[in-house]
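Letters A, B and C mark the chains as written, and numbering starts fresh at 1 in each.
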Amino acid sequence: MTTAAPHDVPHTVQAGTPDLAARFPGLVAPDERSGYSGWIVTADHLVQVATALRDEFGYDLLSSVTGVDYLPEGKMEVVYHAFKTTGGPGICFKVQTGRDDPQVPSLVSVYPGAELQEREAWDLLGIKFTGHPDLRRILMWEGFNGHPLRKDWQEPYYEDEAKPFKSRSPEGHVYRFEDRNPFGDNVRYPEDFDPEKWTPENPEDLLYKSLKTYQAESPDGIETDHIVVNMGPQHPSTHGVFRFVVALDGEKIVNLKPVMGYLHRNHEKIGERNTYLMNMPYTDRLDYLSPMSNNFAYALTVEKLMGITPPERAEYIRVIMAELTRIANHCMCIGSLLNDLGAFFTPMIYLLEERDLILDVFEATAGSRMMVNYFRFGGVARDIPEDALEKIKGLAFERLPRILDEMDRLMSENEILRARGIGQGVLTAEDAIRYSATGPLLRGSGVPYDIRRADPYSIYDRFEFDIPVGKNGDIYDRYIIRLEEMRQSVRIIQQALKQMPEGPVMVGKPQYQFRPPVGESYGRVEGPKGELGFYIVSNGKPTPWRYHVRAPSFINLTAFGPMCVGQKVADTVAILGSIDIVLGEVDR
Amino acid sequence: MLLEYIAIGVLLFLATAVAAIAIFLGELFGPKRKSDKKAQPYESGMLPIGPGTRRMPVRFYLIAVLFILFDIEIVFFLPWAVVFRQLGLFGLIEMIIFIGILLVGYIYAWKKGALEWE
Amino acid sequence: MDAALIWEWVIKALFLIFFLLGGFAYLTWYERKALARIQVRYGPNRAGPYGLLQPIADAVKLIFKEELTPSMADKVIFILAPIVTVVPVMLMAATVPWGPPIQLFGRTINMSVADLNVGVLYITSIASIAVYGIVLAGWSSNNKYAILGGLRASAQMVSYELALGLAFVLPILLAGSMRLMDIVTKQAEMGWFVLIQPVGALIFLIATLAEIGRAPFDMPDAEQELSSSYHSEYSGMKFALFFMAEYEKMIVICAIAATLFFGGFLGPGVDKWPWLGPIYLLAKIIVLLFLMIWVRATFPRIRYDRLMALGWKVLLPTALGLVFVTALGILLAEAVNPAMLWIIPLLSLVAGVLAVGVIERALRRKEYARR
């Protein structure tokens, strides 16, 4: 099969979104490329337009910021997706700039949530955001040469623009490049660079300098000694190789900077080398605790691009799997949060038991417990086997409701948990929106924003479920919300099991290498950790031109620093645990 | 009576010997492959910034001072408790007066916020 | 003083040391097994039957570990610190009587290394020395986590020493002696002191948990926050000594708690068969140790400021109140009627309930203020 029909409809203003061209004549133009939508804003007026979008039109949540390198056109484009926390479709606006010295005004003053994402775009694409308060590299190290996501940047063992590489296909030779070049002379250095003579500046200096940019208050006028302490990357409780640097006044935090990238493998670059289907198993590796959700978001995005919809039964299976994933993920999150609070593994292990039962279902269905690779474009890989379906029924109707109540009784009223959770790590609703927080972090702060309800995808509009919302936005609220969300997931699974029809689980024949029509697409799901989005640009080739992951763990970390200031060191660990990050997704 | 203390002296000697032997065993059998990286102080895998030992929050000293105050009080309690039955009501009243004075200090410290760890 | 006396001391001291060493090894096994059972898993089960050889395997492993010394460390203090931590713990156990005196080889042998007439005072003073080890370890490591952890640990220990000291006063008051043997024999006639002073025993147990840095007061080695704090830089046998100190302290403290409040070696039939004494004491220690493990498996960690507040604002005044309640009860019992002794548990329960109520109210108010 080649491609689905290209949707070359003329550009119209999408229902429910404002006509920006009418509001800003001359400054904003509709994006009229075939397959594209949204608005193109002139760089000089970006801040003005964004402010109006936020204040006049109510697009208060800047969800995604990313760049695209249009090498053939000699342009760089920064793509923004903004949404309303009250629900409804989002708006997409873009800024174009030259490739040689790309400069775009920073939106951090309007949407502080853009901070880490703009740093990422600078790091990977080399787009300078003028006016950004702290424009440093974020995933690569400070001494890194070049910006890897630029299309003319080639990795050390560069072989070909896209997979499958000719050296390995079709015979299927597999080898590592290191084996071929034992002395590493395939590594290319810039012209004027000699690694033997290079003495690095301390790349940490920039970080520590940016850490010093806080206003120290000393009410009695006495200068106090501030200690700078590294927590991580080799630290028992940063959930992996996450690192943050704190400036401490005694035990109180005066400033905190997250540092990431220790697990960076340039997921997006590899994704752009892969064919569309090759990326499916690769998304499992993002947030390895909730692989089904990752599959879901990616499948949705590509399906949007191709203009196909999966059959009914597949939709139900997808929902069931995604909700099971949510339960499994929240089990892990609550367990490790309690562990961070010093509850020595007991709740963790109790909850892991439930997670294992869910993983059993995944194994029976997809063949793998964690790296499921289960979704396909236009359906799922295979139907749920009969015994796995029975297991799901047993879980959803009998075991999980009982266990969740039991866990609630076991943990929620614990005096120490309440004392350590209530009032700690507070994120107000306004701040949560400003920092582009999504998922339980946003809902814990009292914003009832759940994509399953606000902008329903798949068949979520058919189910009855509540969106639990917190009141204070503290650690305890986030914990309670996760517990409640698991209950709601169980409700959804119950309804889905009852409504699920018989039928095929895949539309048409399975397709391995196809060419979606030229265009862009942004698909998102309410993942367990927040809004998981994929932004994909197709140029009609079997591999995506741009493959961007809007990772909730990563963007939720924008709020981590502000949440921690004024707290004790001991609480940072709990706050981090309540954000719920997975480093595979943060660092990508 | 004092003989008992010699028994404790014997125990002290033997206990120290056991601890020293343990450390010696470790030194004897453990591998010794020193390197600069290993000798760095641990700070989550990063190079530490600034010296390790430095000025500490003054609260710790405050706690130390308060501790000395109240620990002495408790030391007075112990002999008092031993002879309490002989002292009778007199002992109780005496101790109430003694504690009353210290209690004033305790309440003062509390109200001054010396016991807050914020 | 003769040669036999010296031999008696040496044998008893060695016996105690080896008991503590073996106890430490098997306490780690016991804790891991108990935690595992609570957490629906197996625990150690590879080395030997039921994993019984696990502690030995651990010890051998630790001996063959490299000993690292940080470059900027104060070498002498760095080596001294674990010794200073572990020795007082062994000394502390010296005064605990393991049974009534026995006749052996024509000699009367006390079942303790040294039955001091100031036994309780001796225990409190020796216990304080252990704080030095921790501060010195933190200081000499030249590591930010270590020094912060060491200071936190020592501040915590001295804070709870006050409540602990006051809890020590209660059995002394009741027994009228600081000699542990006297305290035990007194319990034979008056009943276990835990019955007369239940709240005091509770305060004692809570304060000991904090004193030895066990969950939920395990701030000193809050792994999640400071990565093991004061012993961050220690490895191999030096680390093992800190570990040993912690677990031996658990045993010793439980032995002392059992002696002061739970009747020590007393039990049915001890008068007739003195060899039952050590068995009873051991059984009591094991039960108390299980309580500690149970708490660890159940409770999250208290935050540091709350922990200090609990020590200074709740346990200290409550313990002080209990001392006066006890004194009053003794006076009334002597002056009016021995049955008046039972006013002590009543009044102390009232005091305890009052203290819990005050915490509850303070917590609720704080929660309220934040909302």
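By our rule, a contact is a pair of C-beta atoms (placed from the backbone, for glycine too) under 8 Å apart; a residue touches a chain by one contact, two chains touch by 3 or more.
Computed from a predicted model, the values in this text were never measured in an experiment.
The interface with the greater number of C-beta contacts, when B-C is set against A-C, is B-C.
The most centrally placed chain, judged by C-alpha centroids, is A. Averaged C-alpha coordinates give centres for chain A and chain C that are 49 Å from one another. Between the Cα centres of chain B and chain C there is a gap of 14 Å. Looking at chain B, one finds that residues 43-44, 48, 59 touch two or more other chains.
Along chain C, residues 144-145, 148, 227, 304-305 each make contact with two or more other chains.
Residue numbers of chain A whose C-beta contacts span two or more other chains: 227, 229, 235, 251.
Every residue of chain C that touches chain B in the complex is listed here, in rising order: 1, 5-6, 9-10, 12-14, 16-17, 21, 62-72, 79, 82-83, 86-87, 90-91, 94, 113-117, 120-121, 124, 139, 141-148, 151, 154-155, 158-159, 161-162, 165-166, 168-169, 172-173, 176-178, 227, 232-233, 236-238, 240-241, 244, 304-305, 308-309, 312-313, 316-317, 320, 323-324, 327-328, 330-331, 334. Residues 227, 229, 235-237, 251, 338-346, 349-350, 353, 414-420, 422-423, 471-472, 474, 568-571, 573 of chain A are the ones that touch chain C when the two sit in their complex. The touching residues of chain B, counted against chain A in their complex, run 43-50, 54-55, 57, 59. Those residues of chain B whose C-beta lies close enough to touch chain C in the complex are 1, 3-8, 10-12, 14-16, 18-20, 22-23, 25-27, 29-33, 36, 38-44, 48, 51-53, 56, 59-60, 63-64, 66-67, 70-71, 74-75, 77-78, 81-85, 88-89, 91-92, 95-96, 99, 106, 110, 115-118. If you check the complex, the residues on chain A that touch chain B are 204, 208, 225, 227-235, 238, 243, 250-251.
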